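In structure tokens below, several structures.
Each of the next two complexes has chain A plus one more chain, namely chain B in the first and chain C in the second.
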Partner chain A sequence: MNNLSFLLPEILVVILGFGVLTIDFFIPKNKKWSLPYIAILALTGIFIFNLIFLWGKSDELYGGILRIDGYSLFFKSAFLILGAALIASSVDYVNKNLSNPGEYYAILIFTVLAMMLLSSSGELLTAYIAVETLSFGLYVLVAFDRYNIKSNEAGTKYIILGALSSAILLFGISQIYGLLGTTQFNEMAEVLRSNNSINPGLLLGFLFLIAGLGFKVASVPFHMWAPDVYEGAPTPITAHLAVGSKAAIFVLIIRFFVTGMMPLMIDLQIILVIIAALTMTVGNLMALVQTNIKRLLAYSSIGHAGYLILGLAALVSINQEGGMTLAFISNTNLVVNGIILHTIAYGISNLAAFLSISIIYKKTGNENIKDLAGASKASPFLSMVFAASIFSLAGLPIFAGFISKFYLFTAASVQGLIWLVAIAIFASLMSLYYYLKVLKYMYIEKSEIDNKIDLSPIAFVVLSILFIAMIFIGIYPSPLMDAIQHATYALTMVN
Partner chain B sequence: MNTFESWLLLIIIMIPLIGAAVFIFMPKDREEMIQWSATILGLITMVLSIYCFAAYNHNDGGFQFANSWIWLDLPSNPIIGQQAIQLNLGIDGISAPMIMLTGIVMFTGVLASRSISDRPKEFFVLFFLLISGVFGVFASLDLFFLFFFYELSVLPMYLLIGIWGSSTDFKTFIRTKEYGAMKLMLYLVAGSVLIWISILAIFAESGLGTFLIPALSEIDFNTTFQLIIFPLVALGFGILAGLWPFHTWSPDGHVAAPTAVSMVHAGVLMKLGAYGIIRVGMFLLPEGAEQWAPVLLGLGTVNVIYGALSALGQRDLKYVIGYSSVSHMGYVLMGIATLNVIGLSGAVLQMFSHGIMTALFFVVVGVIYERTHTRDIGVLEGIAKKMGWVAVLFVIAGLTSLGLPGLSGFVAELLVFIGLFQTYPILGMLGIIGAGITAIYILRLVAKVFFGKLNEDIWNNMVDSKFSKQADSNYWERVSSVVLAITILVVGLFPFPFIKVIDTGVTEILAAMAGSL
Partner chain C sequence: MIELTHFQVLSGLLFAIGLYGVLARRNAILVLMSIELMLNAVNINLIGYSIFMNASESHRALGHVLIIFVITIAAAELALAIAIILRLYRNKSSINTDDINIMRW
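What follows is the complex of A and B.
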């Protein structure tokens, strides 16, 4: 019972969530603008508390259901900051388009809680519950713009397909439990290592599991929902879907694969390779023909999920027979570092992109790429940040996206997947075309937006922070890499 | 080596980069301030880069001004130990002239851009980013940073061409600047895709866990690997160098680009491709280079002839120069593929000479276009009477281009031809024929456009009202083009110091090749 105190950050987030609901209930309407600021401050506070409180601690709760280690510390902190950033980038949008801000922010905070749980869960059912908590929050948030027919459609689509995928996920888990007798990652690894032959039923279970999780991260062929939902959802929630929920699921998958499935990874590699190749090419190809900017970014983020899955496929190398030697672990470290770095770089760039378009389109009302025309005159700062995020997503230096892609691809080619890396690099060449198209409308086409775009102070602050972060990681990734390295060691040293 | 010299290369790279960052925060309406600070930074960089070349000790050879900084640690590995990505800078006899070339073209490019009135602040930010990337590629001794800076120089191209460029419209032949920009960008990134793949393959194959070029060059990669990877490297960098049949981005892109960007692009960026073939292709994969050299040589020959013939058929002044670049880069590729000291030295000198010459071409053509808003050879006639300076400088560039003795082009091409006759005499003949065609299109152009009969009515219609009194190049453009012309003369008349430096670099590369074969 003593180590329940390790859950203090989570408990504080729950209290904050209910606190926001309660405050929303009592304060007068004209004071409601203060809600998001309270939430941002509190989340930042919890972030600092979390860092100080859990620094260097390592433990497992309830017999390994939840793990407190460097990995979960890193991502809990990251998600708390992400939550604050999402709330900050929602402020303008919520004030203009949505009613009931209290519920909106509270549900957002609960999804942050779910992401934190995902980063520390060391067992499949706990992970499942966390995934569901996250998804339920998102179902509501996607449909939050209730008088907007697109938002409603998106919500309906998302909940039906989401429920189906959850069922598949749960079926996979039950299959695995039936055959291995455990759902804990560590114990699974032990059982798998002692079994010499692989049960086909077990493989089926893992396939279902991959399909269920693949749906949540919008990997091809489970991606169909993504563009519609991304388009219909309120823009800050689209950012949440593209960044937060995707990153959280990847965080879970990395821990699950590295600590639980390593002995089986060789057999699963071919499946992951196929999914990665499909996701990269289909995502980027489909993005070429989009005219709606949110759909374009939806497909682009499908493509980016493909790069991350490429990393997952490269967790082991084909010539890695039998036991894990230290040299192989150091290569696995390289890959895990790469996945984490790319997740972060992609997350920051995408947040900046979505925040920029939500501000620009607040002005124009439409969400087509050609409505961007003249944005560079209407607000040079905003377009600079947007252009930087585009360059970062396209993987050009001096921005974060370059080093993260390079690192990830290097890691994968060290593991012998150079030809898959070649596909990824060609896919990112394709992506350059549609990214440049966006730039063209912003900077070259004649003006559609006739007057200036006014940035609210909070939007300005968030954009500046994201801009600086993109460049800082791009030219000096060393400090971030040290932190990531620390998180990775927490995973790989368990084995 | 003193502290200043060990930091010199980093300083040269950082001046434009920091300059770009500072420009972002300058007030938009203070154009004068931005132009002056750009000019001063350009001058400082040029002086430093010339110092770099002058202080390079050709008796010692090897990589000088070298220094390295650890940038990013990789996970420690029990077999190969702790490795890191390092920022490792240094120049040898091949990159020293390239650094100087970049410095000169940067300064003259800034001078030629002083007349830009549309969003000058953004222009200089992007232009300086581009320059910083180019310096970085020539100075990096590390594959990661070589690629990093290469991509950095590609990044601003789309906006530079798309915003400040100009479209070509001959009714039957329309090329918008967006088209040129997109084409150039996609070709360059397609090249970088191949380079990226080969860098990763080299990294993975070596098993050293490092991107350092000197360390990687010690390794004998197996023959099959070299045979597969060298064409990737040569093609990736070759696209950038205008290798036929992947040269088509170059005329379209150069024509669409604004003057300073054309100067840097044709003058320096294409050299970056040739440099990459030498530094990555030949140095790391000598066997592959040996085996594939005849192919490269053949394509280079096609470049020379095909580029010259295409230039012959152009109506747009800038397209003529664009195709002449393709043709001249052919000499560079041929020189590289001879794989002997003379040919390779000639190739490197040709890179330098062509960089300066083409920059000079673009300055003067930029002036003509700004004054008359046309580049149509059919319309422009006898403009030497109105634009004396422009005519003289164009003729100097033209004579360099066709290889007149006493100018830099002659020395370079002569060396390439001597190198060729040692190995492939027939292709050497074809190269000389190419030089002959160059003489035809240049002299024809000069005769008509500059020294034809001036029709005052057409001229008055054509010329921009702002310039009707004084159509000749202004003070800044004169300084810019005279600096370039003087460089051409100096190299042409006193080539020996240049060749001595280049020789050290070339000899080492070829010795490394011979050692590993």
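What follows is the complex of A and C.
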């Protein structure tokens, strides 16, 4: 019984998901507008419950399959709020395009459940099931616009490549299970520490695992699906792909690397360094030539995944001492702080960017950057939020993106990856070019057509909160930093 | 005498054949079948390790548990994939992966 109380947020989210699905059957068509508000209120309620009753607790459930600690509670709360924000930003889209909103919101809620499970899973099979739950929800949501050929195409590409990547991920898991005899992260770390020589089959398993997870976060050799899927998916779902799914997989990767793979980092760092360098440069270079705003943001989010992988590569600092290669983990918690902070800052900024473009482009239909001309006249508020989110993504001061990039890059250079940080800074300079190009169309180019943009109250509220959060984190990050340090501490104290 | 190596070779071959199928086939359904082949390669790998593992009973049983989950999730994944491909077929009258090219670069 005691165990169940720790899982109460997840259970409540499941009940909410099925509840929304059931209510959708029974209420008349003209009352269906209330569904998202029920879901938002319920998710906020579960968030408050999570904060009040579970904050500061720690336990491991079912022999370490699920871990309730500061780290998972922090991210569970973050994902609940993210879920509420995603539902709120979907309202306009759903009202305009879908006749049965129940399934859409229910599937969205189930993906929130999957993200919560990802943040607490301490074992590879559980993590795999959570990854698949998240991906299944996203496959359906990407292809949700049934009569839109672009959405169909995006869904087909996503599910075929997603299934391929999960097969690769599973092959990695099977190798790890076979050669280490366990799938629990902390037991894996113990076995790895006791073995001096590394089995090539095991290295293959870890490489397959990195490839599978790398696909899910769209890191460079495995990124080709991302722009197409981002472009074809409904815009709120694009936001989910870019923010929710990416953040959730990174949350899993951080826990897996820090608690399970630390002894192997000495062999794997070079691979992560290469992936990080490629992801940062290719993502930002490809964004330079895009004409579609969603594709541009897709490539920019690939670039941001590169910065986060740079953080993963910097988890250990490797030094040569007297012919011996030694790994130091003294500053690991700094780097983990940096990754978490950047995930959050990037998430907030990207969510604001996607939500504001989804409203600006509601009329035009296709999302060309040129169509932004005159948007600052049509809606100064939306343009301001979009500009702020773009500045934050580019990493300009007083916005959240500056603080997070500064922290992450500093931590990585403390760990000795200075030339990689130089590449990252160069990549963010490149990103400034295409970000400013978008703003040029928005603020300087004139448009003949006078298109008034109507903003629904719920979108206004969400955008205002995101805008304030971006600036607040940029100016005064210490409350958030305290929470993040608490989370990191729970993670790094395991070993 | 069948040993672990046999399982590994079979599984590796099956995985490689599946990967080749995914890369070479142009029909979306055949691509899905190739992915199924890769997942079955994973199952063979797991069962081989599970039989020959030098560990406690519970750790060996974990392999079987993994296989059951893999089978279940693979079935769900294929059902979903076929539903989505059916939508594509309704709108486009083709499931050739070369034809899904509205969005590129």
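Rule of thumb we're sticking to: the second predicted complex is superposed on the first by the 479 of 495 C-alpha atoms of A that agree within 3 Å, B and C clash if a C-alpha of one lies under 4 Å from a C-alpha of the other, contacts with A are read in each partner's own complex, and residues count from 1 in each chain.
Just so we're on the same page, a contact is a pair of C-beta atoms (placed from the backbone, for glycine too) under 8 Å apart; a residue touches a chain by one contact, two chains touch by 3 or more.
Everything numeric here is computed off the predicted structure, so don't read it as measured data.
A.B. asks: Of the partners chain B and chain C, which touch A:E10 in the superposed model: first, second, both, neither?
C.D. replies: Neither partner.
A.B. asks: With both complexes overlaid on chain A, does A:D228 touch chain B (first), chain C (second), both or neither?
C.D. replies: A:D228 contacts chain C only, not chain B.
A.B. asks: Contact-wise, after the overlay, does A:S478 reach chain B, chain C, both or neither (first, second, both, neither)?
C.D. replies: After superposing on A, A:S478 lies in contact with chain B but is clear of chain C.
A.B. asks: With both complexes overlaid on chain A, does A:I159 touch chain B (first), chain C (second), both or neither?
C.D. replies: So A:I159 only meets chain C here.
A.B. asks: Does the superposition put A:E60 against chain B (first), chain C (second), both, or neither?
C.D. replies: neither
A.B. asks: I'd like to know which partner A:F171 touches here: chain B for first, chain C for second, both or neither.
C.D. replies: In the superposition, A:F171 touches chain C alone.
A.B. asks: Does the superposition put A:V140 against chain B (first), chain C (second), both, or neither?
C.D. replies: Only chain C is touched by A:V140; chain B is not.
A.B. asks: Can A:F409 be said to touch chain B (first), chain C (second), both, or neither?
C.D. replies: Touch partner of A:F409: chain B, not chain C.
A.B. asks: Could you tell me which stretches of chain A are touched by chain B in one complex and by chain C in the other?
C.D. replies: none
A.B. asks: What does chain A use to touch chain C in their complex?
C.D. replies: 125, 128-129, 132, 136, 139-140, 143, 146-147, 149-150, 152-157, 159-160, 163-164, 166-168, 170-171, 173-175, 177-179, 181-183, 227-228, 231-232, 286
A.B. asks: Given the complex with chain A, which residues does chain B contribute to the contact?
C.D. replies: Its residues touching chain A are 24, 28, 71-79, 144, 147-149, 151-152, 154-155, 158-159, 162-163, 178, 182, 185-186, 189-190, 193, 196-197, 200-201, 203-204.
A.B. asks: Of all residues in chain C, which touch chain A in the complex?
C.D. replies: By the definition above, chain C touches chain A via 15, 18, 22, 28, 31-32, 35, 38-39, 41-42, 45-46, 48-50, 53-55, 59, 62-63, 65-66, 69-70, 73, 76-78, 80-81, 84-85, 87-88, 91-92, 97, 100, 102-105.
A.B. asks: So in the complex, the part of chain A that touches chain B is made up of which residues?
C.D. replies: Residues 326-327, 330-331, 333-334, 337, 380, 384, 387, 391, 396-398, 402-403, 406, 409-410, 413-414, 416, 418, 421-422, 425-426, 428-429, 432-433, 436, 439-440, 443-444, 476-478, 481-482, 485, 488 of chain A touch chain B in their complex.
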